[in-house]
Every structure is written in C-alpha cells, then in structure tokens.
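This is the structure I want to talk about, given as structure tokens.
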Amino acid sequence: MAFFLETLLGGLMAGMLYSLVALGFVLIFKASGVFNFAQGAMVLFAALAMARFSEWIPQWTGINSLLLANVAAFAVAGAIMFAVAWLIERLVLSHLVNQEGATLLMATLGIAYFLEGLGQTLFGSSIYKIDIGMPKEPIFVLESAFQGGILINKEDLYAALIAALLVALLSLFFQKTSTGRALRAVADDHQAAQSIGIPLNRIWVIVWCVAGVVALVAGMIWGSKLGVQFSLATVALRALPVVILGGLTSVPGAIIGGLIIGVGEKLSEVYLGPFVGGGIEIWFAYVLALGFLLFRPQGLFGEKIIDRV
Amino acid sequence: QAKEQFFPLLSYRTGPYAPNGVPWANGKQDYLKMVNARDGGINGVKLTYEECETGYATDRGVECYERLKGRPGVAIFDPQATGITFALTEKVPTDKVPLITLGYGLSVSQDGQAFKWNFPLMGSYWTGADILIQHIGQKEGGLDKLKGKKITLVYHDSPFGKEPIPLLQERARMHGFDLQLIPVTAPGVEQKSAWLQVRQTRPDYVLLWGWGVMNSTALKEAQATGYPRDKMYGVWWAGAEPDVKDVGEGAKGYHALALNTSGQQPKVIQDILKYVHEKGQGTGPKDEVGQVLYTRGVIIQMLSIEAVRRAQERFGKGKVMTGEQVRWGMENLALDQKRLDALGFAGIMRPLSTSCSDHMGSTWARVQTWNGSKWEFSSDFIQADEQILKPMVKAGAEKYMADKKMTRRNAADCQS
Amino acid sequence: MTHDSSPIVLNVNGIEVIYNHVILVLKGVSLQVPEGRIVAILGGNGAGKTTTLRAISNLLKGERGEVTKGSIELRGERIENLSPADLVQRGVVQVMEGRHCFAHLTIEENLFTGSYTRHSKSEIAANLEKVYTYFPRLKTRRSSQAAYTSGGEQQMCAIGRALMANPSMVLLDEPSMGLAPQIVEEVFNIVQDLNQKEKVTFLLAEQNTNMALKYADYGYIMESGRVVMDGAASDLASNEDVKEFYLGVGGGERKSFKDVKSYKRRKRWLA
Amino acid sequence: MSTIPLRTEPAEIIEPATAARLVEQTSANQPIVTAKKIGEVILDISNISLSFGGVKALTDISFNVKEHEIRAIIGPNGAGKSSMLNCINGVYSPQQGSITFRGQTFKHMNSHQVAVMGVARTFQNLALFKGMSVLDNIMSGRNLKIKSNLLLQALRIGPAEKEEIKHREAVERIIDFLEIQAYRKTPVGQLPYGLQKRVDLGRALAMEPQVLLLDEPMAGMNVEEKQDMCRFVLDVNDEFGTTVVLIEHDMGVVMDISDRVVVLDYGKKIGDGTPDEVRNNEDVIRAYLGTSH
Amino acid sequence: MLYRENGQFKTTYRADQQIFPILQDRIVIGLLLLFAFVAVPLLASDYLFRAILIPFLIISLAALGVNILVGYCGQISLGSGAFMAVGAYGAYNFFVRMPGLPLIPALILGGLCATFFGILFGLPSLRVKGLYLAVATLAAQFFSDWMFLRIKWFTNDSPSGSISVTGLQVFGLPIEGAHSKYWLCLSILVVIALLAKNLVRGAIGREWMAIRDMDVAAAVIGIRPMYAKLSAFAVSSFIIGMAGALWGFVHLGAWEPAAFSVDFSFRLLFMVIIGGLGSILGGFLGAAFITVLPIALSQALPALAGLAGIEISTAGVSHAELMIFGGLIVWFLIVEPHGLAKLWSTAKQKLRLWPFPH
C-alpha cells in the first residue's frame, strides 16, 4: 500500500514535470496554430544559457551569493530568450503568414536545428550544472501510518508547485485578457486576424517570449534534476503524449494530462513492466494517450476539432 | 608519395552523448599529435588523421566509415558506438580494415578465430560483469555468500545494455543470487519508475549499465529514493567524470569498473601536455587531459599505433602498413610491463597480449570509487573467470559462424 | 473623376499583381476613392476584384502574391509596405471574401476581437450594441462558436466584426454573398447610413450589381485584371452593356432566368 | 461618365450550349427542351427535428420532392436550409423524423449509402478538394463507379486504363458543359470564387445523380453568371430528368426556375407551394421576402 | 522556349493521361534513367555508392511511402521508423527461418508484415486526426522499439538483440558489391515509384487526396473514409517496410532497433514536407535535402573554412552544420512553403514562359 502510494505520488510529480514542457507546446499552438517542434531545443538552449551564466557571472563580477548569481543568470537567460523570440518572428514567422500547419512545423524544425547548433557553439556541449538550491535528499511522511513511511522527493515537489503556479498564471492570461482572445483569433485564421488589425508580429513575439520563459523554467528545473546537456531536448518526447491527452489547446489540459500520463506510466512500469520485461513506460504513455483520444479525439480539454460543411 | 599512416577518427561532439564522446575523441587525437611531435611518427612514418562526426547515429557512422576507409594508409577504425560497431562488423571483412572496440562491442568477438577483424581489447561486457560479481563476492566474503542476495541490473535498453545479461544469468545460476533486470529507455532522462522498483525490492546491489545522461540521472534518482550509492556498481562506461560531475557529493561512495587510471601524473599524459598542449595544439581544454575517458582514448590510440609498429616489425620498418597488416599487428600485440613503462603507460593499464584466438588481450579490471570529488581505486585488479567466459564466447561464436555459414580460421590463416 | 470635389483618400495607381511569382493577375489597375464616398468595383468571376482589395489592405503576402508595379496611396501616404495592422490603425478595415470568422471563437468574441485596436470599454460596448441592432440574428447566436453558425450568420459576423473597429474606410468584398434579400438590403442601408452619418468611405467589390449601383456613387468595371469602364454609378446603370450583362435587363426588360437562351451575346471588352 | 478605355467589340456569338454534348451520341439530335414530366415522390422528408445542444435548427419539418422537379428551399439566414440538406446527406443525424428515398425509409442516412443511391450535393461554403486540380476534383465524383482494384490501378494495364479513360471522357463532357476547359489542370484553390462554385457543381454532376442538392450555387455571381448557372441546372434537369433541390437567396432565380418552393424560418416550415403561391403567402412575405418582392 | 508544350496536341485521352504528358519531360526522364542505370555505375566511386547513393535510394523509397500516407492521404504519421523496423525484422525472420529464400521475396514478405502492422496502427486514424494522430502514431514507434528489444524471437535469440544478414542473392546473383546493391535498390525504387505514381494519379489516389483535403465532402460523394485511410496506411507501410528491409539488408547489413529510431521517423516526415507533400518528385528531393545536404556540409565546411583561412574544430563544424542546415530549411520554406517540388514546378512554369517574365 505504502509502495502504491509512493508510486502514485512519484507519478504525479513526474507528470507535473512533463506538464512544464508540455505547456510550451500548448502555448504556441494555442496562440498561433503552430506545432512548435523547437520546444525541446528551446528548453535546452534556455537551460544552457542559465547554467553557463550562473557560472560566468560570479567569475566576471565576483558575486558569490548563489541566489544572486542564479537570479542574475535567470534574468540574462530570460533576456536571451526574448531576443530569440524576436528574431524568430522577424526572420521566420513573419515570412510565413497564412501558411499551412505542416509548413510552419517544418520551419520550427529549422529553428530547432539552428538553436541546437547555436546553443552548443555559444555555451559548449559538455555537461553543466544548475544549482538553484533544490533539496536532493528525500523526505519521509506518514511514518506512523506505514512502516518506513512514504518517500517524497522534495525536489520534485517544489518543481510541481512551480509548474502549478505557472499554469494558473497562464490560464488566467488566456481567459481574462483581450490579448488572450487575440491569440486565439490568430490561431484560427492569420489573415482574418490581420484584416481586423491584430498585429501578428507583436502577438508572435509575445507568445514566443512567454514560451521562451516557460522553456527557461522547464529547463531550469529539468536541468537541476538532470544536469544540463543535450539530452534535455529529448524530454520533449516524454511531454508529447501529455500534450495530446490534455488537448493541444488547453493550458489546464497540460497539467491534467501530465498527471494522468505520469501516474499511468509509473504504475504500468512498476506493476505491469516486470511481467513483460520492463521498459514499457514510454510506449505505454503513448498508448494511454491514444486510448483517451479514441474517446475524445481532441484530447480531454482541447477545443473541438471543427469540420463542418 | 609521403609516408603517412592514416587514422580515421569517428567521434561525436554533438548530440546526446557528446559530454562523454568529446574527451574520448580528444584523447585519441592528442595522442596522435604527441607521437608525431615527440617521435616523428612510427619509425619515420608520419601519422595523419581526420575526424568525422557520427552523432552516435549508425547511418552517419557508416557514412563516415565509407568516406574514410578508402584513404591511403588507413590503419584501423574505432567506431566509438555499439550500433556503429554492429554495422561495421559486417563491412570490414570485405574492406580489410580492422576494428578496435576497446571495452565495448560484441562480447563474442573476443574469439578471433570467428571474428577476424574485431578487436574488443582489454575487456567486453561479459568480462566486466564477471569482474563485478567477483568483486561483490569478495566483499561479501566469498562468492558462496551471494546465495539469496538480490542483485539488480539497471541497464540502458539497447544491445549495449543487454550484453551482460547472459553472463549475469549464468553467474546467478551458479551462486544462487536473485537477478532482477530493469531496463531504462534510452537516453535515460526519466528513471523514476526504475528507481521506484529498486526501492520496492531493495536489492543488495545495483549494477548500472549506462552511458551518457543515464548515469548521472541514475545516481540522482538513487539519491532521491534513498538508495545507498555505495551499493551501486557501474560498468566502465559509467565511471567517468561526466557521469558524476554534476551529482557531486550525491554520488559519493558510488563504484564503477576502471580499465585505466585517471589523472595527469602518468608520463604519457605529461608528454601530451608537454608536446601538444604547451604548444597550444591541444584538442580540448587542458584540465580535461587525463580524465577517465580521455585516458581511454589515449590508450585506444596507443594500441592502434602499437599494432602498426608491430606490423612494421614484420612487414617492413618505416613502411606504411595496409589494413590487413595492421590487423596482423593487432593480433600479435605483446605489451609487457616493460614496454608499457617505455611507452609512458606505467600504472595506467595492465600488460596485454593478443593472439589469433584471443582478440581481447587482457581480461583484467579493477573497481574505483567516487569520493565526492575524484575517482579512487578501491580494489586490486581482478581477472574475469576464464572458465565461465570461454564456453560462452565459444558457443556464441559458433552460433554466429553457423548463421553466417563461416568456418573457423585455421592455423595457416592465423599466420597470414 | 473631374467633377468630384472631395479629396481623394485612396489612390491606386497602375498596380500589377503577381501570384506565386508567375501568375500575373492585375495588369495595371488604377482607381481612386474620394473621401466620404461609396465606390463599387464590379466584374465577373476572376476579374481581379478580390485581388485589388487584397493589394490595398496588404493581405496579398499570405496568398503569396505581390504588387510588382504601381503605387497605392492612402491620404497621400504610400502604404504598400505597411502591415495590415498599421492600416487598421489608420482606419482602413477589410471584410474578406468568404467570411473568415474565427471558427473557435463565439460570435461575440469574434465581434470583440474586431475592436482589438480600440481601448475605451464603453465605446466598444456601445458599438457592440449597434452591431446587434443592425443584425439581431447575431444577438440570438452570440454565444455559439462561429464555425457552427449558418453561412449567412457568418457573413453578418464578418461585417459586424469590421464595424467594431470603428473604421473610417471599409473595403467590402462581396458583402451580400449568401445573405437573405432582406439582410442584403439591410447591409446596404448600413453602408449608406454609416456613409452619411459618420462619413465612412466605402470601397466595395460586389456581384449584386443592382444593389451596388443603387447605393454607390461611382463604379469601376473590371475584366481580366484591368479596369475596362468606370463612371458615376447612375451613368453606369443606364449604360446598355452594363444593363445587359450586369443587371440582366437587356432589351429593356428583365428576362426570366428560365428563358435564358443557350445562344447568347457575350460581353467582351477585351479579346 | 469618363472614358471607357476599350470599347465593346461587336457582339460575339458563341457556340450553342455545349450541353448537348453531355448526352451521348444517341440523344444528340433530340430537341433540347422537352416537355417536363413531374413524376412520383422520390424523396419524402417527414417530421424531421434536429437540434444542437440548445439550438433548434429544424423543428418537425415535412415536405417531399418529386421526380424531375426543381424544388427550392428558401428562408432567412439560419433558418435551417443547409442543415436540412445535411440531414439528407447523412452529415447530420436528425433526432426525430425519417427520410424516405424511393420507398426506403431511413431514420438517419449514411453518407456513403446516400451517394450510392444517387444523391449528389454541392456546398454552401465550398468544400472542394483544394490541393487537387479541377480535373481531379471532378473525376473524384466518379469514384463510386470505378471497378478496378488497387493492384490493377497500380499496374494500370488493360481494364484499369480503359476504365480511367472512359471516365475521363465523361468528365471532359462536364468540363465542356460548364465551360471551364481552360482551368482543367489548375489547382482549385487558385480559382476565383465563382469558378470554384462551378467546379463544385461539376463534381456533383460527375456522379450522374438522380437527385442533385444545390446549396446556394449562385452566391457570389453576377447576373450573367447566374444565367449561365441557371442554364446548367435547367439543362441537367431537362435532359437527364435529374431532380434538383435548390437553396438560393436570389428570389429572381428561385421564382423563375423552380417548380415548388419550401419556405423555412427559424427551423419551422412556414410555406410550401408553387412560386406564385409562396410569393403571396403572408407569412413568407413577413419573414423573408419583405414587401419589395 | 525550350520547355514548351505548344504544338503538342493530344488527340486521345490516353495520350493526355500518360505519366509525363509533355514530350520534354519524357525525354528528360528517359535520359535520367539511362544516366542512373548506366552512367552512374561507370562514374561513381565506392564511397559515393555506399555512403550516399544507396542510402539515398533507400530513403527515397521510404519517403515515397511516407508521402503516400502524409502527402496524399493527409494522415500525418510519425511511425514510419516503426514500419521500417517491422519490414526489416519481418524480412529477417523469413530470411533466416526459411533457408534458401531469395532476397526479393523476403523483402516483399517484410513489406507485407509492415502492411499488417501499418493497418493495425492505422485504425486510430478513423477517429483521431491531424497532429493528434501524428503524436499518437509515435505509440507505434516506441512499441516497435520495445518489441524488437524485448522479444527475443524476433532477433533469432541473439543475446544483444542485434542481428545481421549475409548471402544475399537475386536470381542467383550475389548482391555484395556496391554496384549490384545500387542496381538492386535503383530497380526496386523505379518499379515502386512507377506503381505508386499510377496509384496516386488513379482513382484511389483521388480518394486519398479527397480525404486529405476535405473528408466530409469526400464522404458525401461516396468515398469511404475507412477504406481510403486504411488503404493508404497499407500501401504506404508496405513501401516503407520494403525500404526498411533494404536498409537493414543492403545498407547496414547488421542492425539494432536503434537503427530505426524515432529520429528516423521524424526525418522521413521532414523529407516529405520539405520536398513537397503530395508529390512523388518531392519525396526524392526531400530525401536528397535531408540526407545528402548534411553530409555535403560536413565535408564542404572545413574546406570552405580552410579557404577562408580559419581553422575550425570538428565540433565547430558539426555545430555550424546544424545551424546552416536549420537556416537552409527555413530559407527554402520562405522561398516556397510548399516544398522543393513546388519550387521546381514554378521554375518549369517560368521556363515555359521564357523569355517573357509572365
């Protein structure tokens, strides 16, 4: 029982971490109808920037407070992500107004390659460390109820909290502001949005910026968990089932999807895996998502796919 | 035509395994530079090289191989990746270039009578696994004490990670310990469920068969689930600086196999610093020189060069060797302690000698432990148990040859 | 346009438009729109009306078209390089052909996005009410997603949305398409109303020539990418050819659609 | 009026309607206009109700369509006209009521089955296959008639090729008929709106339907083009006896060419009869026509 | 004026329905085939064959398959790597378990295994669409990765799960040298491309495209979505499976599941998009772009840098290669969002008008 709870909790928290990455996909898709293949690369790029600047800033300025160095590095990395967003809009998206999804997807692939190359050129391709003071040792709760207690990974717990906060903020942003509405309009029809005076370039810079910051937060947390190196970009593959299960257009969906996928894959691996030789969690996550899609083809919270004649 | 022996260098400096691939590649390249600078090549034959980026991907690796295999004076390939090794194993017999897969590749390719062109020098995953079990046995006070113990293998879900399984199963059968297998999907960024399972079964030991990001993640997850690091034993690909660097204190007490030392004291490393780095020709940063994987790269290159030197002894000093001749040199290496000392490898590795039937040359390794800031040796050299290994290798090689409709090389062929 | 004293707001001067780098569609189109007037562009399918409007509002890029020759001036300012959003800031709004409502947004949200460039909450609310009085049907469907409304409702939504920007000049592309006759009338009344009361200038491309000439001040007739005839609306309406080809009253009286002959005299200004 | 850049050329007489060519040689010398015989009820809609969540699109609608007639459906925007066609086509399933086609009664229709039974359709919001050429779009209307299997098609030998050519000929007749020869190989996405509507009609005609459902086929056309369209519709109706159900907002067209008219308003039927009856129906005038018509 | 169809009147529909109705196209294609079959083997080096041409041909074949599914039928799939793997492992199992089985039947049987797998994983497409489907097809990818690692039977009980084949023969001729491999791949590609072209320009092709462009309207004109989608999955995965088998048998010789990783799936999808969705030619161009360009870059960059007098490290080259490659993708898309094939057809259209601009 205790172990079941532990697995459950572990799944929930892993799910929250996926949600962080999934959120980036959802943001950009929701706001511009683009499936951003570069999200993984953005996470990596942002994390690299953060990791390296938190190392360089103390060297350059002699700051030796960890907190200060991290805050400064976060700010610099944030600024870099802003610049990236601005350049992407200028150089890529503004030339691809009103093009089909597949074309835009391809463009983001180009961006992904570019960012991977640039990131490694600027920041190196070794393994780097982000130390934001996350506690590494586990805590045990409910020791009175279960023998040995239930293990909780504090780092994951904090990460989950941050993710939840971010999602709450973003949901508000989409639901309550007129920019939120404009974003959705852009996603529906670039040209019509232009024709009524929505400045696509500004909207896209805003969205990519927000997505960049989300990538930075995701990169920071995953980076502090895994160390910052290339494989960080592959975390995106774990986040994809989350995105479709929750619905490509739903911010809260990213969280719920994350929780379901997290729990589903951990339970399956732990309880089902041993019978078939293990290693099933990744495909199980996708199959799980697929199962949900068969009932709701637009994901749990996604906007209904409209086909009308 | 200038007398040049060409060394193709397959490497990966980008992609998921770059943090490990880079020092490895740098070691290989620096040693070549050093031999040129210090000795002017091999008996006057200059050493040339070209790097080719594989990104750890098989098809890119094959492309690199095809691109470089035809160069004049090509000596030997080190694919630096298990997948590429598989593909090249099929190709080298026709192209007549040897493959050196030091510490990786197919375990059965130790049998040189079946695998004429493969050289898994210094160790395969079977020897590695065997040595680890022996070491654990020693710790427990005898292999018989393993009875009833639980040992878990957490492995990279790929042929690389799966290689040791047959040997471990054999050992488990012999000593009566419980073997639990937990695969980790590549590249290994998400291991929570693996470690939840470890926490559930609380094994006595965990063997870690990882590469790249999988290793550091495993250590962090172990820390997060409270599994004692000093019960964890990694293969030699899970025992280098990048694996523990960003875990730091959290990895303290973790053990891994070592094929070689690390550190800048050995003479050869000093030579590299002197002849290469001090002239500003170092391939990578200076502080990386002498790291575990860097040193392994140096060893690989040294063995390749010594194979050429050995071949020259037979086929003509100061001549450029063909791949076939290098293969012969590789098969007839005899590096005793004296020779190693002369080469500046004193203390770095154990003596090694190969033969037609044994392409491994040495089945020794020892265990090192991370003390929070550096690797320290924690055991003597242990030799893998021939009695277990030999029949397994033989059976595997026989099956391979049967599938391929090949016959074992005869004595005459061994001479050529 | 010698007799018209109003200043010219929009001056299109000999523009050429090419799609996809190869398809030449407009072959030197010039037209002027005076302040506070209603100007109609008429012409058959494929004449280039939509393309002309797109060129003016700078929506060509998304269709992979570009203006390769000529100039477009809005109140003396060259506007070829402005973004559509800049144009809206300057008061020029286009109602696109084929509705283009935001499918996932409700009717009301659609209308609200129309006022993206405005800030006063109370004005927007007043404007919304106005649109709802123009099109009561929209009010009843306000909370359903645009994709699930009928064709005519979408058309009303598109027109209403443009009006939400409080424009000084509106480019209307086939506003009457798919609307019931009463609503068509209503739309033209709105046009007239806004034109007279708020001095909004209109440029409309329309197939319903009858209506267009009734309400417009001036008209241009296009055919295969060129302007072939222009003149005051009343003059055009009494032109024999226009009558026959665009108003369907050749030979003095309206012919029944049932009796259209298979043999027909075809309009051909250009070979 | 200012200058007219290029004056009208003398009237150009073009070829007689190519419609005749639609009919195979056998009927080529028959008179084009035949006295029309309106036949039995072919399609009977009874008590159809359809709602979406709270929105009642159709409430208890009944009417019938007889063979060979041109049946118009009119009504204000959002009255439920298109929804009615969608029910017939099986795109929507009505909650209540039934549809009888040639004596077979269905609770709801299945698109494929409807097509097999010979009902074709054009769409209000153009539903052409944007990435395909005009030719392919119209050819796709004949897919139901293709017999050769996948393998034969891949090899394209013998019967498969003959079949393809046979259908191509039929399609070319339609292309001629609709006078879109020049655009044969253009992707339809690039055509102007009006021509797209013609292609849409062409695709429906290619199915050689018994019943043709047309949803505002003349929207976005000027009078001349509408005349052309009317001619196409009338020709099809005359020559093949195709039954036509037509939704249109142009009262001129509706009153001129239709035999009977149904009037819908807010999902309810408010009138049904000949054009003249409908024109003088109080309810219809109030709800739809206004006084001017 | 070279490229004119003026004066080439077609008097029969048969003539108009040829694969290449324009004379010049026929001549060019003829010359190209002649070149590929005869001249290339005379000219190309061993490296060119083994490292560029053979993989290019095989990948083109796979891209062709992907294009049928994604480009023609509009079902975005990221499971192509899995279909390749199933083709390769399927063919392998027939090959080792039926001694004496010649290569071609083995390849076809492998393709049929992939067909089966493809139809199975195509079933969700009846309900799930677009990007949702795309992501969902990754289930096939990861499942096949897992299956071939875990189920020993598929790998003929090899302990590490890596397998290899030798002794390939076609009609008694050994397929060993670069030339014979090249001819084999080229012939298979040409034949399959021809068949595929026939399919896509025939009735079934129109069904696929109709489903892609507007499925509701397609249903209304009597196209059954189920049949159209599943037949696209079947045909496409057959071709992809063949390509996978060739990749394993002819190109690699020995492989592990990672040879058909998710990366491969993504790359195949990118090829057809950048080449041009719904164009057979596009598949070839895309395959060339995605496979050959990086190799060319990695060889050209050091040389270029050398000319400019800068020395860049291998790592620098690799990173620059990624950046340039990414930049080129974006650039090509901006020039022509519908892919290289469209670019080519625009060029042809210009050529037709030449020397007039319009």
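For reference, chains read A, B, C, D and E in written order, and residue numbers begin at 1 within each chain.
The definition used in the following text is that contacts are C-beta pairs under 8 Å (C-beta built on N, C-alpha and C of every residue); 3 or more make two chains touch, one makes a residue touch a chain.
Quantities reported herein were computed from a predicted structural model and do not represent experimental measurements.
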Fewest touching-chain hops separating chain A from chain B: 1
Chains contacting each of chain D and chain E, listed by label: A, C
Both-way neighbours, i.e. chains that touch chain C and touch chain A: D, E
Busiest interface, counted in C-beta pairs: C-D
Most distant chain from chain E by Cα centroid: C
Most central chain, Cα average position: E
Cα-centroid distance, chain C relative to chain E, in whole angstrom: 46
Whole-Å separation of chain centres (CA-atom averages), chain C against chain D: 27
Length of the line joining the C-alpha centres of chain B and chain C, rounded to whole Å: 74
Residues of chain B whose C-beta touches two or more other chains: 13-14, 22, 157, 183, 185
Where chain D touches two or more other chains at once, by residue number: 91, 123-125, 127
Residues of chain E whose C-beta touches two or more other chains: 142, 146, 149-150, 214, 216-217, 220, 315, 318-319, 321-322, 337
Chain pairs in mutual contact under the definition given at the outset: A-B, A-C, A-D, A-E, B-E, C-D, C-E, D-E
Contact footprint of chain D on chain E as seen in their complex: 12-14, 16-17, 195-196, 198-199, 202-204, 206-207, 209-210, 212-214, 216-224, 231, 235, 278
Contact set on chain D toward chain A in their complex: 86, 91, 123-125, 127
Residue numbers on chain C that touch chain D, as the complex places them: 1-2, 19, 23, 42-47, 50, 97-99, 137, 141, 144, 148-153, 155-156, 174, 177-185, 207-210, 226-232, 235-236, 239, 241, 245-248, 254, 256-258, 260, 262-271
Chain B to chain E touching residues, read off their complex: 11, 13-14, 22, 25, 51-53, 55, 57-59, 62-63, 65-67, 70, 82-83, 86-87, 89-91, 94, 106, 157-160, 162-163, 165-166, 183, 185-186, 283, 396, 403-405
Residue ranges of chain C touching chain E (in the complex, touch as defined): 18, 20-24, 64
